[in-house]
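Right, I'll just put the structure down here and ask away after.
Chain nomenclature is as follows: A, B, C and D, assigned in order of appearance, with residue numbering initiated at 1 for each chain independently.
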Amino acid sequence: MIIVMETNANREQVNGIVARVKALGLGAHLSEGEERTIIGIVGSPLPPTLDDELEVQSGVERVVRITKKYKLTGWDFHPQKTRIAVRDVVIGGDAVTIIAGPCSVESEEQTVDTARAIKAAGATILRGGAYKPRTSPYEFRGLGRRGLEILATAREETGMPIITEVMTPADIEQVGEFTDIFQIGARNAQNYLLLEEVGKAGKPVMLKRGLSMLMEEWLLAAEYVMAQGNPDVILCERGIRTFESSTRNTLDVSSVPVIQGMSHLPVFIDPSHAAGKRALVPALALAGIAAGADGLMIEVHPSPDHALSDGAQSLTFDQFDELTPRIAAVAEAVGRSFAPMPQMAAV
Amino acid sequence: MIIVMETNANREQVNGIVARVKALGLGAHLSEGEERTIIGIVGSPLPPTLDDELEVQSGVERVVRITKKYKLTGWDFHPQKTRIAVRDVVIGGDAVTIIAGPCSVESEEQTVDTARAIKAAGATILRGGAYKPRTSPYEFRGLGRRGLEILATAREETGMPIITEVMTPADIEQVGEFTDIFQIGARNAQNYLLLEEVGKAGKPVMLKRGLSMLMEEWLLAAEYVMAQGNPDVILCERGIRTFESSTRNTLDVSSVPVIQGMSHLPVFIDPSHAAGKRALVPALALAGIAAGADGLMIEVHPSPDHALSDGAQSLTFDQFDELTPRIAAVAEAVGRSFAPMPQMAAV
Amino acid sequence: MIIVMETNANREQVNGIVARVKALGLGAHLSEGEERTIIGIVGSPLPPTLDDELEVQSGVERVVRITKKYKLTGWDFHPQKTRIAVRDVVIGGDAVTIIAGPCSVESEEQTVDTARAIKAAGATILRGGAYKPRTSPYEFRGLGRRGLEILATAREETGMPIITEVMTPADIEQVGEFTDIFQIGARNAQNYLLLEEVGKAGKPVMLKRGLSMLMEEWLLAAEYVMAQGNPDVILCERGIRTFESSTRNTLDVSSVPVIQGMSHLPVFIDPSHAAGKRALVPALALAGIAAGADGLMIEVHPSPDHALSDGAQSLTFDQFDELTPRIAAVAEAVGRSFAPMPQMAAV
Amino acid sequence: MIIVMETNANREQVNGIVARVKALGLGAHLSEGEERTIIGIVGSPLPPTLDDELEVQSGVERVVRITKKYKLTGWDFHPQKTRIAVRDVVIGGDAVTIIAGPCSVESEEQTVDTARAIKAAGATILRGGAYKPRTSPYEFRGLGRRGLEILATAREETGMPIITEVMTPADIEQVGEFTDIFQIGARNAQNYLLLEEVGKAGKPVMLKRGLSMLMEEWLLAAEYVMAQGNPDVILCERGIRTFESSTRNTLDVSSVPVIQGMSHLPVFIDPSHAAGKRALVPALALAGIAAGADGLMIEVHPSPDHALSDGAQSLTFDQFDELTPRIAAVAEAVGRSFAPMPQMAAV
C-alpha cells in the first residue's frame, strides 16, 4: 500500500501516519521528494479497510492498494484454468457448454419435453427453477420440492445434469439432494451467508453477477464460496442495470475477457435475462461465444406465451433448434468446439 | 391494461390477443381507430406478468399496465401517513428522527460511550451492527450475539431504542430477542425469504434501498414484509450505484419526494453510506432533511480512525455535536420539529 | 396518445383535458370504464411535448405516446436496409466493413504505413483524427488541416476511402474538402447545430452514440442529419457510461439488434473506445460481428506506446493482422462475408 | 506519477519503463522492495496521457497519477472562493442567488410578466431560452434574436441581469450583445470549441454538468473556458443519467460539497431539469440550498400547461411565491443569507 501525502503535508501529519502503521505491526518506508512525501507500507496482513481509514487522514492525498483483495479466484492462486466435471459434462474445457431449459419448472410434461428438445439441439445441461425469486410477492414462486423431483425425472429421461436455483440457506440440503449444480441468482449475489453455506455443500456453484456488481465484488462473492473449500465456481454474466431501457438489462459482454484476465474460473453468458425479449437472444448468445465465454444459459419453453415466468424472453423449441448450429459455427470460428451430450446416441 | 396494436396488425393477431385474454377469465374491450386497434383489458386479478407476455406477441406495439403492482405500500390502501411508535419514539410524525451510532459494535465501552454522546446531541435511536455483511470474506464480520447484548446494555443505560441488521432468516429469532427495529441492508433488499421471515417477527423493519433498485421494486420489497401482516416498515435511501466515483454511492435525494408521492411509509436518508467520506456527511444530512425526509441514520464512532468498519465515513462525537443543531435548524425551516429523547433529563 | 385518468378523477378534470386537446385542433375520444376514464387523442400533428404537458395535469395518472418520435430513421419510412457506397466500398451490404487507423494523424509516415498495413490485413476504410476532442485543454488536439492532407495522401497511396472527425460547424467546409465520411464523436452526438450543418454537406456521416444516449435519442440525432436531405448515416456504438470501471466504457452490444429492429441504418461497433485497453479489443470486435454489426472501427498504430492519443487501446500491426482472419471467420459463421479492398491486387 | 510493477516483473521490463520515462526528459526513481519494484516519476510537464500509455506496458500492474489534471479551477491555483459580480448581483458570496424564468422565451408579455413575478418573489437573475437544444428536430427551437431582444426588454423593465443559452460558436457574438451570463447546456458541456470561444467573450459563463460527466471532467470543461482568460465560471448541477426513471434525471446533490472541496468556483443546482416534474421541484431546491449550493436555477412560467417547452417542470407564479420564503429559511438555517434585488424598491 502506498500513501501519497499532500504537497503541503507537514512533518506531524507524516509522523501520525507512520505511527498508525507501526501500531498495526507493519513497516513504513518513507520516500521524501521535493514536492511531497510518499509512504510505502510493507508487511502483512494488511487490514482490509486500511486504505479507507488512511485516505481520510489529514495530510493524505490518496491511498493506493497494490495487492488484490481476492485470492482464491485469481490466477496467482491457481495458474491453470478451472475445469469442472458435472457427470459427463466438462465445463471450462475446449468445448462451449449450453445450459438450457424453462425459467420455471411448471409440470413434468413441460420439463421433460423441454429437456428432450434442448438435448436434441445440442444442449448438455438442463436448467429449471423450482424456487423462484420474484420482484412482487404476488407472482408465481415455483413448485418447490415437486419442481426438484420433476427435474430429477428429466435427468433420468435424458442423462443430462441439472442446475437449479437455491435462494436461502434452509433450502440447501433439500435442493442439494437433487441438483448437480447450485445456481445463485443475481439478487442473492451478495447474500454472503447463502454463499458460505452453499460453499459447504460440495457441489459446483454457478454465481450470477449482481445487477450492479463490480468485477472485484463478483470475484469476492465467489471467494466466499471457495473459502469453504469448494473450488468449482462458475461465473455467469446476465446483464447489469444501466440507464438504457430498451433491454431488460445491459449485457456487459466485456466481462468475459475482463474476468478471464483476472480469474481462472469459467465464465458463462445468460442472454435471456440480459435481453428480456426473445428476438434479441440469438444475437447476444452469439456475441457471448465470440467474446470467449465458456458457455451459455438460455431459457427455452414449449409454449413461451403460456409460461408462468419470463415467457417474453424464452425461445421456442424451433428457435433454439435454429440457434444451436449458429452457436457451433461461431464457437469454431473462435477456436472452440461444441459437443452435444456424449452418450446422446445411447439414450 | 391497454394493448396498443401495431398500425399494420391484422384481424387474426387482434383475435389472438382477445382469445388469450378471455382464456384468463378477463374481458377485452376493442377500440378500432382509423390507424390502429387498441384493446382494453378489464377484470381482475391481472396475472402479474401478463404485460410481459403480451408485449412480445406478434402485432403488439406496446402494453400499458394501468394498475400499480404494489398495494399495501400505496396511498390507495392506507390514506394516512404511517407513524411507527418504537418505545418512546414516534417515527413518521412531525419530528424528524435521528438514528446514530457505530457501524459495528466493537466493545461495550465503545457502544455505550457512543450511545451517551449521540443522545446528548439529540439522537433518539441507537444503531450498531452485530452481524455485518462484508464484500470480502476476509473482513471483520461483527461480534454476533455478544454485539446484541452490548446494544441491549446501551439501551438500558440511555433509554434509547436500538436498531441492528439481520442478514439471514436463521438469525431472526436471536436478533429479535434484543432489537427494537430490524434493519435489512442494501445487499439483502431483494432477499425475499428474509423479507418474509422478518415480516412475521412482529417488530418494525427498516428496509434500505438496494444499490440498483427502482422505486417500484423498493415498494414491492416492502410489500413482502407488509404482506405478512407487519405494517411498520421504514424505507431508507442510502445511495445508488452510478458512474460517479467521487462518492461511495450517489445519494438519490429525489427518492424522498418521489416515495412520499407513492407511499404512506416513512422515508429516511443515510448520508454516511451514500457519501463514504465523513467530510461530505453533514451536507447530505441537511439536504435529506430539507427534501422532507422523516429522519436520518448517521454513523458515529468515538475514534473513527480505529473503527473496524466504515471508519472513513463515521463522524466523531464533536462532528456529530456540531451537526445536530444544524439539522434542527433545517428541520424547522421546512416545517418539521426536532425533539431529543423525551425522558432525556431523567436518565 | 392515450390519457389514463386516475380512478378518482372527476368530471371537471376530464373536461379540462378534453378542452385542452380540442384547443390544439385534435380530437378526443372518451372511453369511460367502471373504474376510470381513458381518453384517446386522434389527429395530427401531435405537439412533441404534449405527453409531458398532459402528464402533470391534475387527475391524470399516465400518458402513453403511441406514435414514435423518429420518422426518417425508422423502417416505416424506408423499408429497405440502407446501403451506402463510399468510393468502391459498400457499407450495409452482405460484407462487413473494417475501418481502421490511428486515433490521431501524427505524421505522413505513421499514417501511410498504417494505411498500408491495415489494407493488407483486410480493412477497407482508413480512419484518422485531424481535429481531436480532448477532455483536458492541455492535451494534443490534432494536426488540423495538415492532418487532413496526410489522410488524403494515404488515400492516394492505397485507394482506401477515409473518415475523419469534424467538431464544429466552422470546420465542415475544410474537412469536407478531404474526407469521404464525416465522423461525429460521442461528445458531439447531441450538438444539434453541428448535426444539421453536416447534414447539408452531402457526404455520409458516421454518428457515434453519446455516452448516455438512449436508442430513441440516438435515432433522433440521426434524424437531424437526415432531415437535411442526407440519407447516408451510419450509427456507431462505442460504449456507454455505467458504474463498471474495468473498461473505459461499457460496450452495449445489444444496441446492434435493438437498432436493427428500429432502423434501416447500418450499425457499427467501435471496440477500441469501448474497451480502452488493447488486450480486450479482439474479444469485443468479434462479439460485435457475431451480434450482427455491419462493420467495425478499430484503432491501429505502428507504435501504440508512442501514440499521441489513445495508445493504450490501439492495436499494433501484428495484433491487427492476427485479428482480421478471426473477424472473417466469425462473419462467415453468422452468414456475412468479409471482403478486402476490391482493387487490392492492383495497388 | 508512480508505476507499480507486477510481482513477477523482470529487470528488462523495469528498464524499459525507465528508458521510456527518460526519453521524455523526466526522471525515474526506483524503489525495489522484496516483492516488487515501484518507479516514481519526477519532473514536468507530464504528458497528459502518460498514465494510460504506461498502464498497458508489460510488467506494469498499475499507474497512479498524483498530480491533478485540472489547474485553474482548483484551490491550488486560486485559494479564495470565486465571487462573480453581474451588474448589481454578486454570485458566490454569502447570499444565495435565485435565477428563475421560463424555459423558452415565447413572447414579450410572457417574459416580462415572469420577470416581474420572480423579482417580486426574490429572484435576482432572469433566465430564458432564445436558442433551445431539442432532442428531436421537430420540436420548438426558440425565437432566436427576437428572444434575445425580449430578454433585454425584461431586463430594462426590472433591472435584473439575464442569462441565456448559446449553442454554437457562430451565435456567441449575437448572444453576447444581449446576455449578461452565457449558459452552456448539458449536451454541450464537452463541446470544447464552444467552450473556448465563449471563454474569449469576456462575460461570465454558467456551465451545466453533462448527463454523464465525472467531477474531474466537469472541472476540465470549465478549464477550457478559464484557459482563455475568463475567471468567471459558474457550475450548475442539473441531474445525471442513471437507471432510475421516476425522475427525468437523478439530482446528484453530493456534487455540491464534492466540487466545493475541489474548486473555488460557485456551484448552483437546477432542480427543474433534475426533477422533470414540478411537484418535485421544491424538495430538490431546498435540498440543494441545504447542501450548500451558491444558488438555484428554477423554471417558472405564467401558464406552464401552455409552455412551448418544459412545461411539466415549470412552476407557476404562485408556486414560486410559496417556495422562495422556504428557500430563504433553509438558507438562513445553513448560515447563508437570501437577498432580493438590491434596487428592488426603486424599480
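Annotations
Note that in this section contacts are C-beta pairs under 8 Å (C-beta built on N, C-alpha and C of every residue); 3 or more make two chains touch, one makes a residue touch a chain.
Quick caveat, the model's predicted, so the values are computed rather than measured.
Any chain touching chain A that also touches chain D appears here: B, C.
Compared with chain C, the chain whose C-alpha mean position is the greatest distance off is B. For the pair chain B and chain C, the distance between C-alpha centroids works out to 39 Å. Between the CA-based centres of chain B and chain D the separation comes to 31 Å, rounded to the whole angstrom.
Spacing of chain A relative to chain B, judged by their CA centroids, is 27 angstrom.
Multi-chain contact residues of chain C, defined as those touching 2 or more other chains: 212, 241-243, 245, 279. Those residues of chain B lying in contact with chain A across their complex are 20, 48-49, 52-53, 55-57, 69-70, 133-140, 167-170, 187-188, 190-194, 196, 211-212, 217, 220, 223-224, 227, 241, 277-279, 304-305, 307-312. By the touch criterion given at the top, residues 212, 214-215, 240, 242-247, 250-258, 261, 274-275, 279-280, 283-284, 286-292, 326, 329-330, 332-334 of chain A touch chain C in their complex.
Residue ranges of chain B in contact with chain C, taken from their complex: 2, 4, 29, 31, 33-34, 36, 38, 40, 42, 61-62, 64, 66, 76, 241-243, 245.
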